[in-house]
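Some structures to go through are shown next.
In what follows, chain A forms one complex with chain B and a second complex with chain C.
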Partner chain A sequence: MTGLIKARFTMPLDTFSLEVDLSLPHQGITALFGHSGSGKTTLLRCIAGLEHTEGFLSVNGEVWQDGKRFLPTHQRPLGYVFQEASLFPHLSVLGNLTYGRKRSRRELRVSLDKAVELLGIGSLMDRKPDKLSGGERQRVAIARALAVSPRLLLMDEPLAALDLTRKHEILPYLERLHDELEIPILYVSHSPDEVARLADHIVVLQEGRAVAQGPLAETLARLDLPIRLGEDAGVVLEARVVEKDEPWHLARLDFPGGQLWTRDTGLSIGKHVRVRILARDVSLALVHQEHTSIQNLIPATVEALAPDEHPAQILARLRIGPSVLMARLTERSAHALDIRPGLELFAQVKSVALLDS
Partner chain B sequence: MKPIPILIFLALLLGIALVSLSLGKYPLPVGEVAAFLAWKVTGLGHVQPERIPLLENIVLQIRFPRILNACLIGGALSVSGASYQALFVNPLVSPGLLGVLAGASFGAALGMVFLKSWFAVQTATFLGGIAAVVLALFIARIYQVRSTLMLVLGGIISGAFFTALVSIVKTLADPYTQLPNITFWLMGNLTLADRATILRMGVPIVLGILGLLLLSRQLNALSMGDEEARSLGVHVEWIRGLVILLATLISTLTVVLGGIIGWVGLIIPHTARMLVGPNNESLLPVSALLGASYLLLVDDLSRTLFTVEVPIGIVTSLVGIPFFLLVMKNARKGWQ
Partner chain C sequence: MFLAEGDLQALLLTAKLAGTTTVILLAVGTPVAWWLARTKSWWKGPVGAVVALPMVLPPSVLGFYLLLLLGPQGMVGRLTQWLGITPLAFTFRGLALASVLYSAPFLIQPLQTAFEAIGDRPLEVASTLGAGPIDRFFTVAVPLARSGFFTATVLAFSHTVGEFGVVLMIGGNLPGISRVASVQIYDHVDAMELAQANQLAGVLLVFSFLVLLVVHLWRKKA
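Here is the complex of A and B:
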């Protein structure tokens, strides 16, 4: 099976057991998403071969584990980024980067220069690890994982140990990895924010099982997602900048089926951006409201309704051409407006979060 | 601090060796010893012809083997100590961690009571040391292969077991002839080994030390943590196995050469780490050179301080403990 990462593992854990059978795309970033203790890190460790358990694993047709056959970690062409980077204290950044590299006799998929450039650590090469900030250390660790020329990059909550500022410092670099590398990345995270921003594909884990998986936008828009996202419920859209309203500092984004006005953060026309629209920021109106402060009024069709976490609220999935939005509203207003599947109305989008910097 | 080049430590060792060759019951001028050695090696320079037989006898026949012995033991214990400290990522680890010294003591004691030839005693010593480590590894394996904690516990159990066996052999030994021999051996002593033994053991010890030096790069990776090392493509089990094998081998051989000499394998790697930092690529060779120098100095003390020679194991402990207290004050430094 080329073009796929096939992973099947069974492993008893403390209170439940990991039981997954996944076919993941062999490209882009796949998020292994779930709450703490859902088994996502264990799954990543199984894939790395750090846990020796029963199962099957093939990456782009190459079998790494099958029955008795078990390729030990050090023979798997992978890069692993841990939550906290441990770098050699006595080596400079350059020394740390070349350490793993000298060991890899495989063909080079990522040149050292490329890894350094992607992570923006060119000016740090002569520094010792104790002279680096937490964010810089993690970037060096990521570059080191890339420098061994992996065929698969595994990242275990690489931002979890960092504070918010550092996270925002690293995220753009992770996006660059996504845009410029052809190496598939498996990214463990419990943060809907990070997932929305980085992932193309998502696997939702709960108690050791994959309860949902698929392309990110489609999966996030599912109303029956077994995992509660609460305030983070929403959708992700791929859009393109098509027009700028300079006097008002606004930019118009086109997405399949519709358009949105958003704050112009220095976007250039033609740029592809990813936006996230939370369900709580979308309200519904039966007619096109003229007297409203909301800029984005998008014609949509109600596709489905589902109960939300709190009994007072429901979630509505709205169809806009090929795209989907989600709206959160109270059960009472749904009743008052007689909102039901098939109804044509207007989605009022109050806030659009640009995910690309 | 800028790392001190390894060559300085080599020069230090050679200097101390030269001084040691001139020290003793029959003191010789350092200059004469140096000139004699230079003449011996290169054929150049001038030595008084009537002094040559005397110098041959004292310097080469009597003092050189002993100095070589001290260097081998000091170097081997320090390198195996440094390797263990890197392997277990713990500054309080010494070569005896996996029970090798206790096992070798038992082998020696057993040999001295039941075996006739000196060679058989040496063989028993060697096998005893190996047996203790095998037992420790076996105990660790019963529970969990990968855990270093289980290895340490296995070593403690194995060490305690073989120490008990030594006591049994002691009670069985003839209290007038064998028991003093055993006790003396366990104190550590550089006079026990003859020239032939030193040369015979010297080869594997030097090879073992070189082997560990070659592994120093991989040892660096292990001290970063198992899983990170694995993800960087290091075959952790292999490296660990090889390091344990070589470190065990050379520390057992030191017991064959000089009995139990404590503290060297603990304080020398510490000191070396403070001087050159945690990089095993320089830490290991510096430990070897520093350990050899240290044991030479201590041996000089034990030879010259009193009219009766004090067993070197006692001196290393007496010197080592206060020294260790001093070092411990700064011990964490070299690990950062």
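Here is the complex of A and C:
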């Protein structure tokens, strides 16, 4: 079957075994999300052929591994970005970038110039890796993986080894990859922020098993999962900038089913943005509050309630037209306000995080 | 030249033997070092011990067994005779073979350490960039282990220069074939030619010192 990455692996690990049977879209960014030690890196290594275990793997209809065949890593048309940049110390940046290209047996759809331009490393070409900063090294590593024109790009927590500043330096480049190239990416991460910002599709791994998978917005709004996201439970909405209130430095975003006011960070009207709304930033009111500092009061319907991590709290999933929001509230207030599925009320959104820079 | 003709011949023979040995060892020992550095096989221990044996074994013991093996009655000796090749004992080729075994740990161990220091990651990176096993070895492992190669080559060469017991056992003392510098010095002393022994010994002393100095400086740089 084309358009899919089918991956089935069984592999015993230290305290549990990796057992997955996945069917992932061969487009966009798919996040393999889970706590450290959940088997996500091992899964990525199995897909790359760096681990040899029982299983089946086909990418866009091409079988890379089955009971009889095992295509060695160097014959798989993939790019791999490791957690540490792992540049070849004996080669210059240019030497690193061309190492894979020279060995590619397929049509090179991504030009070297394009890879260099996308990652903004044009001025570094003659340098040796030990003369680069951590962020620069990782950008070169990403460009190196891209330069082979992979049919599948595998990224193993490419930002985890970097500090916050460097992370923010690289995230925009990753977004450009997503927007400008047609290469499907499997992105391993344990950071809900990165996942919310980058992913289109998510697979949640726990102790070697995929406990949930699906489109990002839908999957994040599943009430049986937020527990695994802990404090960061929330939803992601795709929105568009439609209006600006210049004197107050605010911008209005329309999302399917509703609208939000947010700080204007220099947004242009018509721009598509991704916003993240955490459950802890959403409270509920039975009537439209007039005397409140909260700008965003959105009519919503309670769809479901579920226990949260702490017994004092519950999570509510709210339906707003085709979109969903999540709210975190105490069990006591839910009881006092008699909040139950089907109830129509107002979601008060205190804070909206714009995920696009 | 202040050296006598016999001494010069002995020095040249020494250089030839050490050079030949080192070249053969680089060809044969490098794959062994690579295997030892990468394998997870049970055989790693026993093979590593055999490779290290010449470091602790008296050279005369090694020479003795080689003589048994290579001599006209030995297994290898009979095989070479059957193949129509002259026996290896008391020939330069036999001596080179013995030297290869004798100096093997001095090449293999530093190389193995250098290969181990590279780790799996650079090789995994190379494979994700489309490089097959041999390609990976020559374009990643060798350049990254180059200081290991340098040390290993120098140590194997200079250790062969210093070999004595094995030469006597397997090579005898034939001018131009097996009378290397160390044996020549022994002969000089035996014949009470202390001045000549002194000259030749001085050459080896200076050579050895310079070699170790160069290795030390190289390591400091790397």
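Please note the rule applied: the second predicted complex is superposed on the first by the 354 of 357 C-alpha atoms of A that agree within 3 Å, B and C clash if a C-alpha of one lies under 4 Å from a C-alpha of the other, contacts with A are read in each partner's own complex, and residues count from 1 in each chain.
In the analysis below, a residue touches a chain if its C-beta (ideal position, glycine included) is under 8 Å from a C-beta of that chain, and two chains touch if they have at least 3 such contacts.
Please read these numbers as outputs of a predicted model, since none were measured by experiment.
J.: Taking chain A as the common reference for superposition, should the pair chain B and chain C be classed as clashing or as fitting?
T.: In the arrangement built by aligning on chain A, the partners chain C and chain B clash.
J.: A:G122 contacts which: chain B (first), chain C (second), both, neither?
T.: neither
J.: In the overlaid three-chain picture, which partner chain does A:A48 touch, first (chain B) or second (chain C), both, or neither?
T.: The answer is both, since A:A48 touches chain B and chain C.
J.: Is A:Y99 contacted by the first partner chain B, the second partner chain C, both or neither?
T.: A:Y99 contacts both chain B and chain C.
J.: Does chain B (first) or chain C (second) touch A:P256, or do both, or does neither?
T.: A:P256 sits against neither chain B nor chain C.
J.: Classify the contacts of A:D130 with the two partner chains as first (chain B alone), second (chain C alone), both, or neither.
T.: In the superposition, A:D130 touches chain B alone.
J.: For A:P89, decide between first (touching chain B), second (touching chain C), both and neither.
T.: both
J.: In the overlay, answer first, second, both or neither for which of chain B and chain C A:A145 touches.
T.: both
J.: Can you list the residues of chain A that meet both chain B and chain C?
T.: 48, 50, 72-75, 78-80, 82, 86, 88-90, 99-100, 103-104, 144-145, 148
J.: Please name which positions on chain A make contact with chain C in the complex.
T.: The contact residues of chain A facing chain C are 48, 50, 72-75, 78-80, 82, 84, 86, 88-90, 99-100, 103-105, 144-145, 148.
J.: Which residues of chain B touch chain A once you look at their complex with the stated criterion?
T.: Contact set of chain B toward chain A: 220-221, 224-225, 227-236, 277-279, 336.
J.: In their complex, what parts of chain A are in touch with chain B?
T.: Residues 48-50, 72-75, 78-80, 82, 86-91, 99-100, 103-104, 130, 144-145, 148, 154 of chain A touch chain B in their complex.
J.: What residues of chain C sit close enough to touch chain A in their complex?
T.: Chain C reaches chain A through residues 121-122, 124-132, 135-136, 139-140, 143-144.
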